[in-house]
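Here chain A shows up in two complexes: once beside chain B, once beside chain C.
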Partner chain A sequence: MPRRALLLKLLSAAILFGAWEVAGRIPVSYAFPTFIDSMRALLEMFADGTMIAAYAETLKPLAVGIAISAVLGIAIGLWVGLSSVFDWLFSPIFVVMQAAPLAALIPLLVLAYGIGLTSKVLVVCIMAMPVIVLNTSGAVRNTPESLKEMGRSFLASELSIILRIIIPAASPVIFAGLRLGISAGFIGAILAELKITPTGVGDIITFSRSIADYPSMYAAIFSIILLAVLFLNLLEKVETVLFEGNQRGYVSD
Partner chain B sequence: MSILKILGRVAIAPAALALSMAAASADTIRIALAETPSDELAAFFVALDRARANGLDYEWTAFSDEELAIQAVISGQMDIGFGTPYAAMQRSKAPLRIIFQLSKLKFFPVTTTKYSALEDLDGEPILLHSRGGGTDSIANVIEERVGITFGERSYVPGSSNRVAALLGGRADATIIDLSNKNKLMRSEAAGDFNVLEMFDVEASDEALFANLNWIQENEEDVQIFVDALLGTWQDMAEDPTIIRQETDPDGPIGQLPQEILAELDGFYKDAVEGGLYDANGGGRKAAQADLEWYSSAGQLEGDPSELNIEDFWYLAPLDAAMK
Partner chain C sequence: MSQIEKLIMQPDPAALESAVSVRHISKNYGPVEALRDLSLEFPRGQLTSLLGPSGCGKTTLLKIIAGLLEPTSGEIEVNGRKVTGPGPDRAFVFQDFALMPWANVIRNVGFGLEMRGVPTSEREAIAERYIRQVGLAGFEKSYPHELSGGMRQRVGLARALAVDAEVLLMDEPFSAVDEQTRRKFQEDLLGLVQNENKTFIFVTHSIEEAVYVSDQIAILLPRPSRVHEIIRPSSFRNKGVDNIRRDPEYLDIVDQIWASLRSYVE
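Then we have the complex of A and B:
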C-alpha cells in the first residue's frame, strides 16, 4: 500500500513538472522558464551559498512567527473554546484578523513597528494565528458531550477532562488548523519580504525579477513551496506520534 | 443543464474572452504604466491627450511596479509599457524595443553633514530603492568610477520614504530623485544635509517600449504617439508651464489633489532645468548611454561597445518625428 502511494505521488510530481517543462519550452511567455532551467538555477544558488544565506534570513521571522502562532494560537484557542466569556472577547479579533486584506495593511504595520524583524514576525502571526485559534476553539467546543459526561461520572478532575478527553478528541481538527495556519505563515513570511523590505528569499525573488533572471526567480518560489510541503509532512509525523488514532491518510503524506 | 454542457461552456468561455480581447486590441492601444498617475506622469498624459486629438485611441492600466508592467508587455496583455527592460530584452530574448526616452536617471546622493564628498562614503552604509533597481545601479557605478566600496546597503522603496528616514535620523546617506532632493534642500532642515557632487548621467530611468512585432504592425499608431511625445517634450523644454495649462481637468492628473496640481509648474521647471527630460526623446545618444550604464550597473552582460543599439531600440518612429 505505501509503495503504491509513493508511486502515485511520484507520478503526479512527474506530470506537474513535465507540464511545467512543456509550458516553458513553448514558451507560454518569455518570462516563464523551463523546469530544468529553474532546477539548474536552484542548484547553482545552493552551490554558491546564496540560497543558504537567504534562508538564514527568511527562517528568522518564519520560525519565530510560526512558533508564536502555534503555541499562543492553540492556547488561546483552547481557552476560547472552553469559556464563552473568552469566546466573546477574543473570537471577533481573530475573525477580523483572518478577513483583513493584510497586504493593504502592511504600511500600517510598518508605521507602528518599523521595517525590522518585528513587523515581519507580526505578518506571519497575523496570517497563521487566526486559522489555528478558530480551528482549535471550534474543535474544543464540539467535543462530544457524552465523552465529557463519561469523564465526570468517573469523577475525573476538570484538568484531566481537558488533557485526557477534550484535547485528544479535538486533536485532528487542531492539527488541521495547524497545517492550514503554518502554510499561511509561509505565505506571510514571503509576503513580508516582498512588501516590507526585500530580504532572504523575497530578495532573491524581487532581485531576479528585476534583472530578468526568471529561472532563479521561479527556483526561489519553488524552494519555499518545497520547504512548506516538507514541513507539513513533518508536522503530520508529529501528529501520528502524539495521537496515534488520528491516522486517516492525508493527501499531503 | 447537464454537467457536460456546463463543462463545455466553462471551457469555451476563456477562448471567447481571448478572441474578444484580441478584437478590441486591434484599434485601442493598451498602455502599461509602472505606477499610479502622479505629478511625474503629467507630461506623459498631456502627450497622450495630444495623440488622442490626432486619432489615437488608448486605454491605460497602472501596475504596482515596473517589472509587472514589463511582464504584461512581454506576454502580450499590454501593448506599450513603461520602464527600462534592458535585462529582460537580453536575458529572456523577448523581442522588446524602446521607442522613446521619457526621463533620465537624475538621482542625487544626499547625506547628513557627516560627509561632504563621495569619497567619504567608502565603507559607509547607504539607503537605496531596491536591489537591482535604478539607485542600486547608480551606487554600483559610483563605486566603479570613484573607486570606493559602500558599506551595508539597505533598501527602502520610494525617495520620499528615504527622505523620511534621513530626517528621522535612521540613515546618514541615501540616493534620491530630483524633486525630493529639491524639497529637502528647500526645507528648513536643509542645513543638516549635503548634496554630494556627482558625475552627469545620461541613461534612461523611464522609457517607452513595446514588442517589435506589435510596433511594426501598428506603425501608424506608434508614429502618432511618438510625434505627440516629442512635440510635448520640445514644448515643455521651452515652457514648462504648458504641462499645467494643458492638463485635462477631468483626466487622471486633473483629478489629483489641488496641492499637487499647484506644484506642477514648479516640478516641471525644476525638472527641465535639472535635465530630467531630453527634448529629443533620447534616441541614439540615450541608447548608447543606456548600454554603457546598464552594462556597468550589471543589468546587461557583455562589452557595451559590442552591443547593437538596434537590438534594444527601434528608432524609426523617433527619426521620422524629428524630421
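Then we have the complex of A and C:
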C-alpha cells in the first residue's frame, strides 16, 4: 500500500512537470520557461551559492515567524478554547486578521516597524497565526464530552485532562491548522520579501524578472514550493509519531 | 407472581448491607425537574439495575452517584462516606466506550492507574492481567479503531476493573454492541458479579437484560423521576445461565415490568 501511494505521488509529479515542460515548449507565453530550463537554472544557482545565500536570508523571518505562530498560536488557541471569556476577547481579532487584505496593510507595518526583520516576521505571523488559533480553539471546544467525563471519573486532575485528553483529542485539527498556517507562512515570507525589501528568495524572483531571466525566476518560485511541501510532509510524520492511533487508517502514508 | 418466590426467599433487602445509598436526591436542569426526592439502596456485592423508559433520569442518577454531576439536593453515600465528586471507590463504564483513539489498548486500560500515579511497569502488569481477563490477550498494542464494538467495550470494562474500585457504574454498557455480543457480555457479567466482590450499578433500557443480569431491579418512571418499584428476582439466579431465559419467574417478571412501563412509552 505505501509503495502504491509513492508510485501515485511520483506519477502525479511526472504529469505536472510534463505539462509544465510542454507548456514551456509551445510556449504559452514568452515569459514562461520550460521545466528543464528552470531546473537547470536552479542547479546553477545552487552550484554558485546564490540560492544558499538567498535561503539563509529568507529562512530567518520564515523560521522565526513560524515558530512564534505555532507556539503562540496553539497556546492562545488552547486558552480561547478553554475559556469563554478569552473566546470573546481574542476570537474577533483573529477572524479579522484572517480576513484582512495583508498586502494592503504592509505599508502600515513598515511605517510602524521599519523595513527590517521585525516587519517580515510580523507578515509571516499575520499570515500563519489566525488559522492555527482558530483551528486549535475550535478543536478544544469540540472535545467529546464523554472523554472529559472519563478523565474526571478516573480521577484525572484538571491539568491532566488538558494534557492527556483535550490536546490529543484536538490534535488532528490542531495539525490541520498547523499545515494551513505554515503554508500561509511561506506565502507571507515571500510576500514580505516582494513588498518590503527585496532580500533572499524574493530578491531572486524580483531581480530575475527585471532582467527577463525567467528560468531563474521560476526556479526560485519552484524551490520555495518544494521546501514548503517537504516541510509539510515532515510535519505529517511528526503527527503520526506523536498520535499514532489518531490517524484511523485513512491518512495516505 | 408465583409462590416459588416466597419459598426461595432471599434475605430481606433491608437486612442487606448497602454499599451505596441514595438519599432524597433531586436534580433540576433550570426549570426542568429531572429527579425528585429519589431514595434507593444498593446492596453490597450485588448487581442493581436502573430500568426505565428513556428520559426517566437513570443516566443522570448514575452520573450523580459517580460524582460527575452535582445533585440539586440530597446526598449520596458510598461505604458510609458522602460523595462530593469522583472517587477511587467508584469506576465508570461508558455507553460510548470513551476510549482514547490515540492510545493503544494497554494505555487505555492503564489510564485510571496512571492517574493514580501507579508506576509504568506495575501499571502495565495490572493492565495486562485485566486485558487477559476480559479476553483480549494479544490485542495489547492494538488501537481502538482496529477493534470491533464489542472488543472496545471489553477495553472499557478492563479499564474500570483495573482500578479495583468497589463499585462499578455501568451506563448502558451493552447498548452499542450487536445482539450476539450482548448475550455473551450478559453471561460474562453474571460471572463477574459472582467472582468479583464488587457492587454493580447497571443502567439499561432493556427489560430482558435487566431481569437477566440483576439481583435487584429498580424501575424508574419519568417526569419527574421516582422509584416506582423494586423487584428482586429470586428463583432462577442459581439455575445456570442457560436456563434463565425459560424460567417461569423470569418470564413473569419481564411481563410484569412491561405492564408497568407500557403506558409511559409513546
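Criterion: the second predicted complex is superposed on the first by the 247 of 253 C-alpha atoms of A that agree within 3 Å, B and C clash if a C-alpha of one lies under 4 Å from a C-alpha of the other, contacts with A are read in each partner's own complex, and residues count from 1 in each chain.
Rule of thumb we're sticking to: contacts are C-beta pairs under 8 Å (C-beta built on N, C-alpha and C of every residue); 3 or more make two chains touch, one makes a residue touch a chain.
As the structure is a prediction and not an experimental result, all values here were calculated from the model.
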{"item": "First, second, both or neither for A:31, with chain B first and chain C second", "value": "first"}
{"item": "When both partners are placed on the shared chain, which of chain B and chain C touches more of chain A", "value": "C"}
{"item": "First (chain B), second (chain C), both or neither touched by A:207", "value": "first"}
{"item": "First, second, both or neither for A:156, with chain B first and chain C second", "value": "second"}
{"item": "Shared chain A surface residues [contacts with chain B and with chain C]", "value": "none"}
{"item": "Parts of chain A lying in touch with chain C, wherever the complex brings them together", "value": "144, 146-147, 149-157, 160, 165, 168-169, 171, 243-246, 248-249"}
{"item": "Chain B contact footprint on chain A (complex, rising order)", "value": "28-31, 115, 197-198, 203, 206-207, 209-214"}
{"item": "Touching residues on chain C, where the partner in the complex is chain A", "value": "63, 66-68, 85-88, 90-92, 94-96, 98, 100-104, 111-112, 115-116, 143-145, 159, 163"}
{"item": "Touching residues on chain B, where the partner in the complex is chain A", "value": "66-67, 70-71, 74-75, 85, 87-94, 130-133, 154-156, 298-299"}
